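When the chains are written out, they are named A, B, C and D in that same order, and each has its own residue count from 1.
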Amino acid sequence: MSSSLVSSEPSSPDSPSDKKHFEPDELPIHATSETPNRRLVHPNWWWKYRQTIREIAAEFTGVMILIIFGTGVVCQVILSSNPGVAPTPKGEYLSISFGWAVGTALGVWVCLGISGGHINPAITIAFATWRGFPWRKVPGYIFGQLMGGVVGAALVYADYFHAIDIYEGGRGVRTLKTASLFSTYALDYMTNVSCFFSEFFATAILVIVILATTDKGNGPPPPGLLPLVLFILILGLGACLGMETGYAVNPARDLGPRLLTSMVGYGSAVYTFRNQYWLWCPILAPILGAQAGAMFYDVLLFNGRESIVNKP
Amino acid sequence: MSSSLVSSEPSSPDSPSDKKHFEPDELPIHATSETPNRRLVHPNWWWKYRQTIREIAAEFTGVMILIIFGTGVVCQVILSSNPGVAPTPKGEYLSISFGWAVGTALGVWVCLGISGGHINPAITIAFATWRGFPWRKVPGYIFGQLMGGVVGAALVYADYFHAIDIYEGGRGVRTLKTASLFSTYALDYMTNVSCFFSEFFATAILVIVILATTDKGNGPPPPGLLPLVLFILILGLGACLGMETGYAVNPARDLGPRLLTSMVGYGSAVYTFRNQYWLWCPILAPILGAQAGAMFYDVLLFNGRESIVNKP
Amino acid sequence: MSSSLVSSEPSSPDSPSDKKHFEPDELPIHATSETPNRRLVHPNWWWKYRQTIREIAAEFTGVMILIIFGTGVVCQVILSSNPGVAPTPKGEYLSISFGWAVGTALGVWVCLGISGGHINPAITIAFATWRGFPWRKVPGYIFGQLMGGVVGAALVYADYFHAIDIYEGGRGVRTLKTASLFSTYALDYMTNVSCFFSEFFATAILVIVILATTDKGNGPPPPGLLPLVLFILILGLGACLGMETGYAVNPARDLGPRLLTSMVGYGSAVYTFRNQYWLWCPILAPILGAQAGAMFYDVLLFNGRESIVNKP
Amino acid sequence: MSSSLVSSEPSSPDSPSDKKHFEPDELPIHATSETPNRRLVHPNWWWKYRQTIREIAAEFTGVMILIIFGTGVVCQVILSSNPGVAPTPKGEYLSISFGWAVGTALGVWVCLGISGGHINPAITIAFATWRGFPWRKVPGYIFGQLMGGVVGAALVYADYFHAIDIYEGGRGVRTLKTASLFSTYALDYMTNVSCFFSEFFATAILVIVILATTDKGNGPPPPGLLPLVLFILILGLGACLGMETGYAVNPARDLGPRLLTSMVGYGSAVYTFRNQYWLWCPILAPILGAQAGAMFYDVLLFNGRESIVNKP
């Protein structure tokens, strides 16, 4: 019954990753009653255009959700610490860890069955390298993810710019003090090597856990509940390893909002911080860390055939 | 065994949304042993009256639970910050986000299988517009939801009025200071446009996530666990986007308690705040935001046939 | 493989509530390979005695776990607020809500499949009244629950008595200040009527949610995940309605530890507080509140045949 | 589709605990299409070496993840309380309970289907004693677990040593003040008996809950979601019973990091604290407590045949 939160018609099999999400009892119904006419006709002119961009749109939406909750919680917690913004603080540091966890879980739920729920270029590249995800799709995925980061940050900025004005102490004043609400900046005493290591390390852990909990040979949770694992994982990354470089662990999560900040008045300062910090720390380190994590898991534990290390 | 938390007889198929909740192995038993005599006889005189109002009663109960936990946590956290009310504060801001998350999850669990678990007029209207939920049912649902909001707030008010007296500094003194425990009031510096945007925006996100996690084509969680998604979602809305306007995102959640406050001594002040704020911000903004969110999801991602955009 | 966290042989069908916990694919195996010889022989002399007390032992264990985590978290948070006990506070108020939620979820998990996971005399009596739970079992269940409360509190007391000495400011000094770590005592300004209402109200909500989420006609979660609902529910009761009377909502949770305190040196003060407070507030109010909640749910929403209101 | 978070090829049946993790509908596909050629050929030279160490490698990885999140959260929360390390504290005590809960849940998820997800020598020994886990595997498991603890702590130390320098007030200065970030040290006023009891007690509870929630006769959660129980369990142990001795409850969790600290400059002080505290409190107490917990559960509640007490 479409009036129910728990029902809605199965989507078209055009999106290849659908079938794996149907429980055994649903498949027959799906196959018999709906698939046929589905396969034959496009319901309308928009449908067929939509199908061609559907996976990219899904990644876009997923990252948008991730960034809305993630940068949203940072804005709320940090800005509300200023009495001019809110009578009392509206969150603690722990809230920030929860906020990013919420964003990640919901972001993946939003696109899980359509695009596979990467919402992270480092993951997409790792899947292409180690799990046979088609390379031709990678550019589109990354583009969608990056745009999702820009749009998500723009919406949060639009939501909080009054508070940012108050926090910055003047209308339109924009400094790194509030740019750090959207993108990651390392603590002062951290050396560049340590910054790189911190992001590399955190992303490797991220990927090891993701590969383990999606490995059918390793007692994974039901697919539809995988985002619960990510909720716990990101909560942990924030609470346990987030202090030093802000756990970007996701190039789109960092570059998207950074592009937005550079557009809305923070200027080039967001790029000149610690010469090209934006490039080597929150972008290159996660990409390489994801590769290291995937290699670690596949070399030691993964038995699946699609991995390089298990090719005959 | 009916002595067990985990057992109780399946309910009558009169309520159409039941069947979707049975696991494959239960359906046969249900179909063979119980449905027949069920269909034939009403067990008693009350039964048949009850069936006619059951969905509305379910929405009533769901919103009542939502409001009891939601306004309850606000009362406990804010009131206990006054040393006269409690020796030490009984919660932090994060508690409030958790409280509303608990209320939403439990509220939906309470009516999920009977009414579909909307507990939000904006959702009901969005389902009617985009998912073929019958419009004739909409008024009854909204009435039940609104009444649930009034009754839930009344119970919490009855539970906390001693503490409210102490907090207000005098028996029977009632000002917006404590009216804001039950309904939402925006921060001072927020412009009307920003208030509207904040509610519109948060509700659109809410609906996008709900439509995605109930879309069979999008790897949804098992129906009985959908409230876990809502727990995470509302936790996030409170922690990430709740500062400015109190994330009503639900007309019944705001108007119900507001009606109650106007009845128990807060007077007309609750309606005159920022001329008709109560109407355009926590009621119209969520309804329109829900439409925008549904349109976004259906235009970009949804493949189901019941949506307007997928009609041939 | 019995070496795995996720495996262990199915238990004997002697305990009637087992079968409902097997997934469809397990039942056949169970029925064919194991049940027969099971039914025929007792593996040893202890087995057959054990089976007769197994349900009571399960309730005992469940409440013991509940009280260990519940009173444990109160001890840790309150005692550690004293610098002599711990260098820094070891928890916030929110921790207490989480602690009781953990205790409830784990307590139910521990006995769910054996005794039905009541761990609360008010629930047991409500199930007997409204769900056909056999009355002859009620006394044994309540006895087991009460003993579990005493033993759980004793273990926590043994774990924390050094810290209690420091907190009380002298070895063996015992006052209500620390008795309240184990049992509930209302805030001063609360009238007796309000205290009674607070417990009655909270327990009614508890029962409505439990009946709804165990009602097969109402989209319940998988049985093995029901404790997640209780985790959320008790987290909410503590965070939203726990301030005034300490949300006993469970006679065994309050009387068991109270008996223990009276035994270990707190004397009769724990019973004389607000003449017989211990009896009418944390015992009678929950029992009656559970009845009210069950009546509310069954009259309005429940379609199952075992309920009084649905008898022809 | 291997590009999806929710898919990856089932692993080889070489690892005996795989099969129990497949849902009914997957088994046939698995059995027919993949197992055969799997069984016959090793895909490459590394594969067959890998299979021989796969369970140990899984336990290694599981404990490594546990320690990375667990000691990581302690480092972040304690170190960030120093203004020189971070402008504002990056966590509260509750964060520490969550961090260990995250580590445990993810650590078990990482190796659940390969090694059974013990990640704790006390559990491994208890399973060998009470659940027929082969004793010949015990040394390998414990070795893997211990090495995981050393490596995990080393990675966290490498991530945080700059902050440790600042916190210690000088480069290379290492005292028990920061050694306690990695291993457990009891509060001053605790007697040795109380320390032993605290660890013994907490581990017994740990094992009772694990045995109950993996007992097919006791309504367990779906295997892939068992780590959610452990998340709740460890959250509770930290919040409710963690104050006095730091809830090691796991010899590898304590000794692994302790070895690392003794190697990186903390010297022998980590062993001389309270003569051999490191041995009798965080190692012997958990091992014995696990035995006591398993005996309690099996004597009172467990019906499975593999337990000693149920042998004919």
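As a convention for this text, a residue touches a chain if its C-beta (ideal position, glycine included) is under 8 Å from a C-beta of that chain, and two chains touch if they have at least 3 such contacts.
Please read these numbers as outputs of a predicted model, since none were measured by experiment.
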Taking shared numbers over all numbers used, above half giving same and below half different, the chain C and chain D interface sides are different
The assertion on chain A/chain B checks that the Cα superposition rotation, as a multiple of 5 degrees, is 90
In whole angstrom, the CA-centroid distance of chain A from chain D equals 28
Distance in whole angstrom between the CA centres of chain A and chain C is 39
Going by residue number, chain B touches two or more other chains at 6, 17, 20-21, 24, 92, 94, 112-113, 117, 219, 222-223, 225, 228
Interface with chain C, chain B side, in the complex: residues 1-12, 14-15, 17-18, 20-26, 41, 43-44, 46-47, 50, 54, 57-58, 61, 65, 68-70, 72-73, 76, 79-80, 84-86, 88-92, 94-95, 98-99, 102-103, 105-106, 109-114, 117, 155, 158-160, 162-163, 166, 222-225, 228, 231
Per the touch rule above, chain A residues touching chain D in the complex are 16-17, 20-21, 23-24, 92-94, 97, 108, 112-113, 116-118, 123, 127-128, 131-134, 137, 187, 189-191, 194, 197-198, 201, 205, 208-223, 225-226, 228-229, 232-233, 235-236, 239-244, 296-297, 299-306, 309-312
